[in-house]
Amino acid sequence: MKIGILTSGGDCPGLNAVIRGVVLKGTMTYDLEFVGIRDGWRGVVDGDFFPLTRHEVKGLSKVGGTILGTSRTNPYEGPRGGAENIAKTLYGHRIDGIIAIGGEGTLAAANRLYNDGINVLGVPKTIDNDLRATDYSFGFDTAVNIATEAMDRLRTTGDSHQRCMVAEVMGRHVGWIALHAGIAAGAHVICIPEVPMSIDQIAEQVSKARDRGRAPLVVVSEGFTLQGMDEAYSDKGLDAFNRPRLGGIGEVLAPEIERITGMETRATVLGHIQRGGSPSAFDRVLATRLGLHAADAVVDGAWGQMVSMQGTDIVRVPFEEALGELNTVPQYRYEEAAALFG
Amino acid sequence: MKIGILTSGGDCPGLNAVIRGVVLKGTMTYDLEFVGIRDGWRGVVDGDFFPLTRHEVKGLSKVGGTILGTSRTNPYEGPRGGAENIAKTLYGHRIDGIIAIGGEGTLAAANRLYNDGINVLGVPKTIDNDLRATDYSFGFDTAVNIATEAMDRLRTTGDSHQRCMVAEVMGRHVGWIALHAGIAAGAHVICIPEVPMSIDQIAEQVSKARDRGRAPLVVVSEGFTLQGMDEAYSDKGLDAFNRPRLGGIGEVLAPEIERITGMETRATVLGHIQRGGSPSAFDRVLATRLGLHAADAVVDGAWGQMVSMQGTDIVRVPFEEALGELNTVPQYRYEEAAALFG
Amino acid sequence: MKIGILTSGGDCPGLNAVIRGVVLKGTMTYDLEFVGIRDGWRGVVDGDFFPLTRHEVKGLSKVGGTILGTSRTNPYEGPRGGAENIAKTLYGHRIDGIIAIGGEGTLAAANRLYNDGINVLGVPKTIDNDLRATDYSFGFDTAVNIATEAMDRLRTTGDSHQRCMVAEVMGRHVGWIALHAGIAAGAHVICIPEVPMSIDQIAEQVSKARDRGRAPLVVVSEGFTLQGMDEAYSDKGLDAFNRPRLGGIGEVLAPEIERITGMETRATVLGHIQRGGSPSAFDRVLATRLGLHAADAVVDGAWGQMVSMQGTDIVRVPFEEALGELNTVPQYRYEEAAALFG
Amino acid sequence: MKIGILTSGGDCPGLNAVIRGVVLKGTMTYDLEFVGIRDGWRGVVDGDFFPLTRHEVKGLSKVGGTILGTSRTNPYEGPRGGAENIAKTLYGHRIDGIIAIGGEGTLAAANRLYNDGINVLGVPKTIDNDLRATDYSFGFDTAVNIATEAMDRLRTTGDSHQRCMVAEVMGRHVGWIALHAGIAAGAHVICIPEVPMSIDQIAEQVSKARDRGRAPLVVVSEGFTLQGMDEAYSDKGLDAFNRPRLGGIGEVLAPEIERITGMETRATVLGHIQRGGSPSAFDRVLATRLGLHAADAVVDGAWGQMVSMQGTDIVRVPFEEALGELNTVPQYRYEEAAALFG
């Protein structure tokens, strides 16, 4: 059997470890043959493949990024896209199935292709931890470690200057990175997309921390929407055109916090450093295990499913279970953490 | 209600984060009062207590070690030990219950005290991850990260000199640190207490890696017993008196590997650096959550139980479930990893 | 003798190590007495002092921030400011001299106070390494390490997506952090205040790296001014009022690079994480040694001077040598590095 | 011109950065041609060369180890060794000169070959910082960082258990790593080869720290010789045969300290993790600059010299200046540090 592997969507520490896991188990235990697919679905559509042997995956468990490249191409678009064309392309290269490593969009495309008759197996990948049907996804632990270390650094500066520090972390739709890094770094306010807050509520928390003699630390997901922000902008005569120029939500919050509390406030947007570089040990182990089990699943013909982590086990779940809704932070998890800054 | 908190057994990153979680939730949400117990069960027996307020736990989530101190004292030993004496001591200080943060020995003592009528709640703590009834325990992730980073460093030296490098990691009875760090660092041989191996088997794996052009990396748990080691020593005329002087098992393996494979081999015993210092973000979150839930459990009167991690949740389990047998590496988990160095 | 210690200006890893070095040497070797001055010159003016003993500086060599607090107050301003008032305040507290740990502004104020008859000794402090008369200043090495590690992470993402990554680092007037972190991380373009470049020159370097199959990495000091930027903005109808809203120079460069090269480009502004947190070993050693030698200098009555690093030695230089001009990156150092991306 | 590059002696972070610096400057600025020499002088003797282009050194500034391999071969030994044979071998491959990156032994061999008519240029390399004529050598800063971080971890465990912790670091003949890491981590005793101490002196320092409420931290160079150790062993009836089996000096000190002070004491031997892995930013910059200047020196025909760091500059010094005596820790530097633990 010849199997193609692709990585799709944003960069994520652990992608290479998955690839290594698949190839080592597949070649040594099952005698499978592999090809790398360049730049995600783009490579499937264009037939851009290259042989992937044990030699190519040497030493990859610690290496950030993806040796396969990635893109955000939709396999159903363009003149060579669509299930029928792809089936022909794969057949032409004698490729029996695809392992697609990616997030919600990638897995949705994988599911559609599977329903259209293509053999696809999924491996969940999301920095934000926003996929259901897996306890955690690789890359998330690394991102939380990086955000936590950055906030550890911001705290000493906050303390030295008696400043409020605002850290904006990743999380377009869900607040997991902010929640976990906020708990780990001892943040005094955690602002996530799932829990609407007004600037006055945030400022009140900041003031309470300040009044206890602390230098307040605020962590905010990039996808957090401030209640009443639209009104605030229109009060200032700023229209939609100007808003994106104002930078991330962290840079929106800082001056508002300073205005209300009177406390000097600085924002830092952590940005891309959260999704690059060498994975944490946790992510290397998780990614490697997902890769090993993906090879098993291929041999079992378990197409239309993804491998996933549940407790300490790697299991298989149908694509549908992971799709549709995002894995948001449940109310009880937010309240659990909120008890820390009471 | 007044509650005492103690930490017992070996040092472990995250102890302070548990203490902070308990105290913040307990004081702010439930209006509990806390005392710190100095040096584990020693402080219980001696009545060595001090007030523990929100102020004392400030900033502790990232701080390694334990502000309470620790010891390996058995609460049933000595003239002031035993359930009856301890009950009097606690009553004298108006302490209503104890939260004991510790490993197998600590929890066994906690259980016995509970059965003898003392209010005790447990929080599992083990670097080695050898406790049942919890998916992971805090400290383990930090230890695996440290061991992995150390092995990443050893690998470059192995490659430069075409040497075999042996890393001895913690794990007196179970091989979890060796297994996870070995997967993460891409080790070629993983030697754990649960899986007996002879020196010839190890040397064969080393030779195979060498023959593929790799600098072999061997990770070994301190508790690994080499099959046939006793015979080997007696062949050399070394008796039991001399053996402990030979250092850790890593230092035993290295010269034997070199002798059989002819490959220059060096051992490094990572030792105590695996159990000190600032916890990883994962361990800070886990430890904090265990602390928060321990405060809940106290209020619920859930004595005789320990809080534990299952999947993404914190649950309560009776002491008995965690005791008796250790959480060893199951055969299928070892074989899963073995597929990597086939 | 009673000596006051203050830290002034922006946060910098190593401040606490200096304080510890001064106090340990001063109390144990010379029997000096110390007071901490709160929040830089603000505390001098307000007479905000507290006893500083060996106990207070325990364990500080690794701790980021400053236990003394800091501010940007000018000691010559306000009703209680000025040399005469300060002399009275110090006399009132029987303080014989001040050790001022700070950057250009702090040392200029220190020099003026010294010329006005106050005993002041300086310790150079600048993240940016912009002070003359010292080979390096503490905090710089830590900042370069943090920036380098961040860029290591950005590179893997650049490679995975075939993107150009732009990293904005600290350096308002000098490019040392960009130069050193750029060399360390293997940047393809280094943009510093000392070396004017046009967007076309930058884009050409980016294109050359891309054409060699690399994902280009651009590092830019916050103080870099793009040649022709004013014209570019006025072409777009943006006036001075709007410009600061556009964020850092990194965010200015990225879209321009993308426009010219056609290569997807992303900017990350590292910001405050470069100046907080635990110092590197180099900075701990340098800061501690400066502190030790500051205590010697006090005993020698070497007021009006600062301690500084030259080669492997700590020496004393008059304030004037450090003031006036900044320590900019010399042309030959920039050209040296430019040979790497030829 | 065709130039060979070799790395010789023990592994050291920054070797690859030197190689990259030489090749980038040499090929792009000067149009030199390079060959890699495999495994140090072994490759010179055996004529084991391979083309080294810009492509081979891509991304190497952060990569630990050496892509050239290394060995401890003496070029004057063996049937193909000696200046005459080597001259023939080099001539046969049209190699005009050699850049030798190595420590004292390597540079001594390089000097002898130079005196015998071979074009050799040196780049100093020593983890231990034991070479004269250079302020620092690359690899040293990384080693000090690793040792410091390890000791930060040991401290929390010492504090939790009220134990004395002993850390053995590298330094066979000189104590630089122990001195710098000891200052950085706040050690209470620093034992280096240059400063003889008896076990009683060490124990006294330990007791003093303990009496001040500290958990004592002792750092010891591997090359430290305890005064009176020979007598101590013979008192115990241990002969020379048994002594090396006792492990490093750290493992010798720990039980003695425990015996005298009555304080539980644990030793950790850091070992090879100090010399592998990715270099610190400081070492990457230093190594890269040495490489760049080595290319300049080749073009200038500055054979018989080595490039070296003095202050912030890279200069050239004749081999002789670096040879003969080691760069030991001078008395005043040790006393400077000793003031910290008074």
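By letter and in written order, the chains are A, B, C and D; residue numbering begins at 1 in each of them.
By definition in this document, contacts are C-beta pairs under 8 Å (C-beta built on N, C-alpha and C of every residue); 3 or more make two chains touch, one makes a residue touch a chain.
Chains and their UniProt names: A, B, C, D = ATP-dependent 6-phosphofructokinase.
On a predicted model such as this, the values are computed, not experimentally measured, just so you know.
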Chains in simultaneous contact with chain A and chain B: none
Centroid comparison with chain D (C-alpha atoms), farthest chain: A
Gap in Å, rounded to a whole number, between the CA centres of chain C and chain A: 34
Mean-CA-position distance for chain D and chain A (Å): 41
Numbers and ranges of chain B residues touching at least 2 other chains: 149, 152, 155
Inter-chain touch pairs (all): A-B, A-C, B-D, C-D
Contacting residues of chain C [partner chain D, same complex]: 21, 24-25, 28-29, 58-59, 61-62, 135-136, 141, 144-145, 147-149, 152, 155, 180-181, 183-186, 214, 280-282, 284-285, 288-289, 292, 310-312, 336, 339-340, 342
Chain C partner contacts - residues on chain A that touch it in the complex: 7, 11, 13, 15, 63-66, 69-71, 146, 149-150, 152-157, 159-162, 165, 242, 245-247, 251, 266-273, 275-277
